[in-house]
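Quick one: the structure is below, questions incoming.
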Amino acid sequence: MDWHILVQQLVNGLTLGSIYGLIAIGYTMVYGIIGMINFAHGDVYMLSAYVTAICLATLFSFGVNSLPFALLATLVMTMVITATYGWTIERIAYRPLRGSTRLAPLISAIGVSLVLQNGVQLSQGAKTQGVPSLIPTTLRFGEGDNFVQITLVQVMIILVSLSSMAALTWLIQRTSLGRQCRATQQDRRMAAILGINTDRIISTVFVIGAAMAAIAGVLVTLNYGSFDFYIGFVTGIKAFTAAVLGGIGSLPGAMLGGLILGLSEALFSGMVNTDYKDVFAFSLLVLVLIFRPTGLLGKPEVEKV
Amino acid sequence: MPPAAVSSPASRVRWNLVFRQAVLEAAAAFALALLLFGPIVGLVLDGYQIKNEWQRPLPIATIIAVGRFLVALAVHTPTGQAALERFNARRRQPGVLVVGISEGDRRRWWLLAVVAISLTLPFLASKYWLTVLIQAMIYVLLGLGLNIVVGLAGLLDLGYVAFYAVGAYGLALGAQYLDLGFWSALPLAAMLAALFGGVLGFPVLRMHGDYLAIVTLGFGEIIRLVLNNWLEFTGGPNGVAAPAPQLFGLEFTRTARDGGVPFHDYFQIAYNPLHRFIFIYLALFLIVCLMVGVVTRLRNMPVGRAWEALREDEIACRALGINHVLVKLSAFMMGAMVGGIAGVFFATYQGFINPTSFNFFESALIVAIVVLGGLGSTTGVIVAALVLTILPELLRAFADYRVFAFGVLMVLMMIWRPRGLMRPRRRAFEVKGLCP
Amino acid sequence: MDHPSFPRCLLAMALAGGLGLSGLAGAADTIKIGVAGPMTGGNAAFGEQFWSGATRAAEEINAAGGVNGQTIELVKGDDACEPKQAVAVANRLLDQDKVAAVIGHFCSSSTIPASEVYADAGVLVITPGSTNPKVTERGLPTVFRMCGRDDQQGPMAADFIIHKLKAKKIAVVHDKDTYGQGIADAMRARLKELKADKKEVLYEGLTRGEKDFNPLVTKIKGTGADVVYFGGLYNEAGPLLRQLRDQGVKATFVSGDGSLDPAIVTAAGGPKFVEGSYMTSVREARNIPAAKKVVEKFKAAGADPAGYTLYAYASLQSIAEAMKGTQSTDGKKLADWLKSHAVATVLGPKSWDAKGDLKESGFSIYIWGADGNYKEMAQK
Amino acid sequence: MTTDPIQPPILEVTGLTMRFGGILALNDVSFEVKRGSISALIGPNGAGKTTVFNCLTGFYKATEGRIALHTPRTAIDLIHILGQPFQASDFVNPAAFGDRLYYKMFGGTHRVTRAGVARTFQNVRLFKEMTAIENLLVAQHLQLNRNMVAGLLQTAAYRQSERDALERAYAWLKVFGLGEDANRLAGELPYGHQRRLEIARAMCTGPRLLCLDEPAAGLNPRETEQLSELLRQLRDEHGVTILLIEHDMGLVMGLSEHIVVLDYGEVIADGDPHTVAHHPAVLAAYLGTDAVNDDES
């Protein structure tokens, strides 16, 4: 493989991986705090893509000309609305189930996922939607036929996801809210005894997860330009895989898992075969878990006897 | 509002407070609903433009606000409070019920009645409802199989559909390449599925809880993708035809296809496409009955007890000398085998299979059956399987809102009965002179 | 088994049985026709197109006096493109709704098992969108299609790529689905006949429902292909095209009728991405004088007759014509009539061969312009 | 009770060392448990008592050391049967490789129990949603007819095996005074009963050595008294050797014949109750709260 192809594939892998990582955060944080696989998270991401397009179109229809302003406003609006969805879903479908069997919220989540998908289909129609290519700038490196061409949005994806990750890590490690989150994650009952409003913390985690998915939604919509009500499913499963690969419950693990998954998909489909890239991704997951049963950055489970 | 309570001044003050509270909550709900539904429902994308449909979210938000208001008031009335209390009390019930030994007689009559109804139903139902019943029976079988893995052994398997696929493709490909018929493929496909379960299970069953879930999910996807991609062998997305069942060489077709004699010719009756489905239904019913019997016995056998013990506490099991990996593996293989049998029936009933029938949603649906059934309750699984397969068909009346309503009902059912429709039951033991 | 469940169990079964028996026929002055397709799930867009086309056609026909003095009533059937649901919905349409004919099923994998059910009951079915040869190759007398076959448009594309575009390196991409892989394989088969299979530099499948095809695009770039042939639908074709251009791949994009849809412009993110792409499709409805009025009516109602909308429209027209021609709703008679008569549909005159395939599929090649519209290429 | 001097001790622990990452939890722990004795393992909180137990019963793989269980016929290396990582020498010695592969695939904690070591847990670990009697039936898993075909067909041999198991279970319930609770869910029993049920369950595996992790924790004085009676009875009538971890010094001093004291992962004293109670290192370890005072409380 030529160097320029390899570099191009690495960029592809990194952008895809960053997106997986951002969405994986929602899975990993929710899992960490209440031990539940939130299958509706992929659809929250799908929702954010719609909100992005709606916000952009509304802003343009009001005659907003400044692109940076429009993008920023869209990002904020999307994060707010998607986070509200995250909060509401937790409040309605998961909180009443707290304290029952571990699997009850899982089934509820599947129900929520159906509701979101079909709700969006009913209100927005089933056809593929899109936004125009707003930032057409591409960066080109190299001469003649041997060049690497990257869109500015791809660069943005990598930068924005890394900085969101950094901000989130800071939030979790350094702030009081983060401490409360970590305490709740370690021992929910003890945290409640110490006066932490654990219900609020759990809600916050859903809000953060949804907000991260919203960032991913905005970036993806800008980059690929099209989406439909079904995109949450495929991406959701991949992001969840990424979360587990990195060690579910671990924030850096989610990002690492996302990047590894993205890179391995890109490199496998580049060097071997695109048909089997998902088979490869899942096999990679199985292999990693056989040799590291708690994922790459997951804390090794010490059996409490 | 309770008319009697309003009379005294103290209660009037209280009701004022309650009322104000309710209004505030309703306003908050209205604002929230507007934020949630405003953009998604009210602004419809049309190319790169927006169609403004504000008339849609407003009624939704209003309904939500009014509902919130009424609920906020209702929980302060005596009846509302009693209802809330009942609702919560039911949710607090312990999970398991120990039943006495004398229950048997009454149950026998129920059992007889159900068997009688199940046997007459196919002769009364139209073809559509007959196919729905067959479909439901297949899910009963799947539910029973997964119940062994999830409900009894406590292993969350999100890729159960893989074994279903192995069974279905076992029949279809077995017929295509090895010239197997339905009845010879049935045991072979079941064994093949069990073998798959063993091979997949052995390396991963040491994993804990949800890691196992994601690995099985991965396996499910891998099998589906391979079935889809391996065009030369499986036909890929084009699918494969599966043979119809035969009764001692009699075919249920209008004219003989595979060199047999058509059923209706042999018995000198008019051809009726229903015959084939009635036959599948009866065969399936037989297998389901057999499976219920097997599962009931298994639960009271050492291996079944070990499964449940493993679900309760794996560490304690190991301390009792039980090889947890092998016991898990036996549950996994047993479940896989049942899944394989269900797959064979699915393939023969459809006559044609392709990988889209074996996607992740299918696995999720089967897990939902087991959880809704009450994790471990055989009756519960049967009821849940019937509910979750017949419900979507009943909901076809809602046309476009069918799947949406199904999702809503799934959430509501979980909130209503988080521990499932049925409480699992345990048998009491009797030993001479000791039992009270 | 434990007893308290049985009331519930009985209830469910009684309900099932009761409803099964209650499926009595509706009023005699309507003819029910089923419209089956994916109304939910990942392919719901196509189900919507079926429904919109069929409803418009039914309105027109009913406004013009209906069929044999009866009005047409449409019944929607959702199969979510899943064989299991397709069989269930087929049985439901027949038993519950007593439909006289069916327009339907989009995915070939749904059409194939469902058509067995219709054929068994002797009910006419016309699929507006299943292009897989198997649909009509099984000798079922009442199964028809309103679209071409994969093995008709694929070869046409191959001829075009070799003779007109004079391609040197061809990358073939499909979507691993019946339709997409079907036309891609048919195209390849023709390449082989033309002794041009050496020119194929890549043959791979992408996953439907994904939006990121960058790794595949980079791979195409690495092969230096000058033509990319895509077998699939516009949902994937749009992002694929955009990513090709974003990475600076200038290869000519050629695809089939599944991608020839105005929505591809939205899916790609602007007309500049689709400009200069070629797609094979049946004679474009909008250019047929008969269709112009219909298209305008759609537009006036705020709907876009995209994709398979007009195919569904034409299917219902054909069914209605056959019913008028035979004065009957018997599937066998209707089928015989359709096989021996031509029908003037919105898509032009159509007639069918003994298998139920269109005699003349009338494929031609379209090119996308810079304005986001496409036009038919002059033949020869 | 004196033990036969010719008989080897039932359990021989030599140089047991356990590291968790960088933390040295056990350092060169060695002691013996005499056959038919009641021995105790004591020490301040965090001294490593439960870690020793977990090593003995196969839940932890000791970093170094040897644990030998002497059965009447052979000595079993309890670490070996857990399955150990492959070593370079294994790849030239097929027999050793096969042995290790076998134990890696099929070895594990359960093997230790099968060798004759049963245990209870500090925080009771019952099968809460199963009845008391079923808890005991599970414990007899290995002694039962586990042939699936026989079970599904309910053959005579199978039914006999089940009847025997049931009777054995009832017999044990009676020994522990739990006959009335037979058909109640284990999770719904009073705490004291749960403790006893757990010991009964351990006895159902037919152990030679019974390891009890704080059996008296959470019991009231009367229940503790009953417990010590019961443990003596188990030793005397059922011939089992008992090793227990306990904080209740009254119970320990009154019951055990041999005491091992651990502190900071090391054995600081080892001997009969009297010697241990007056050992200066023990007094120092307990920092003022001397053992004799506890004895009186």
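Residue numbering begins at 1 within each chain, and the chains themselves are lettered A, B, C and D in the order written.
The rule is short, and it goes like this: a contact is a pair of C-beta atoms (placed from the backbone, for glycine too) under 8 Å apart; a residue touches a chain by one contact, two chains touch by 3 or more.
Note that the coordinates shown come from a computational prediction; the quantities given were computed from them, not determined experimentally.
The chain with its CA mean position farthest from that of chain A is D. Distance from per-chain Cα centroids to the pooled protein Cα centroid is smallest for B.
In terms of their C-alpha centroids, the spacing between chain C and chain D amounts to 70 Å.
Centroids of chain B and chain C (each the mean of its C-alpha atoms) stand 33 Å apart. Distance between chain centres (mean CA atoms), chain B to chain D: 42 Å.
We define each chain's centre as the mean of its Cα atoms; on that basis chain A and chain D are separated by 47 Å.
Of all residues in chain C, those that touch two or more other chains are 40-41, 176, 205, 266.
Multi-chain contact residues of chain B, defined as those touching 2 or more other chains: 48, 95, 229, 315, 400, 403. The set of chain A residues that touch two or more partner chains comprises 118, 125, 129-132, 233, 275, 278, 303, 305.
Note for the complex: chain D touches chain B at residues 57-59, 106, 108-111, 113-114, 118-119, 121, 125-131, 133-135, 137-142, 144-146, 148, 151-152, 154, 166-167, 170, 174, 179-180, 182-185, 187-188, 201-202, 204-205. On the side of chain C, the complex with chain A involves touching residues 40-42, 44-45, 47-48, 176, 204-207, 209-212, 214-216, 218-219, 221-222, 224, 234-235, 238-239, 242-243, 246-248, 263, 266-270, 272-273, 306. Those residues of chain C lying in contact with chain B across their complex are 1-6, 8-10, 12-13, 15-17, 19-21, 23, 39-41, 76, 78, 80-84, 87-89, 91-92, 94-96, 107-109, 112-113, 116, 120-121, 132, 134, 176-178, 181-182, 205, 266. Taken together, the chain A residues at the contact with chain C in this complex read 1-2, 5, 8-9, 12-13, 15-16, 19, 118, 121, 125-133, 138, 140, 145, 147, 149, 151, 220, 224-231, 233-235, 265-267, 269-270, 273-275, 277-278.
Chain contact summary for the complex, chain B toward chain C: residues 47-48, 99, 103, 106-107, 110-111, 113-114, 117-118, 121, 124-133, 135-136, 228-229, 231, 236-239, 254, 273, 292, 346, 349-354, 356-357, 377-380, 382-383, 386-387, 390, 393-394, 396, 399-400, 402-403, 421-422, 425.
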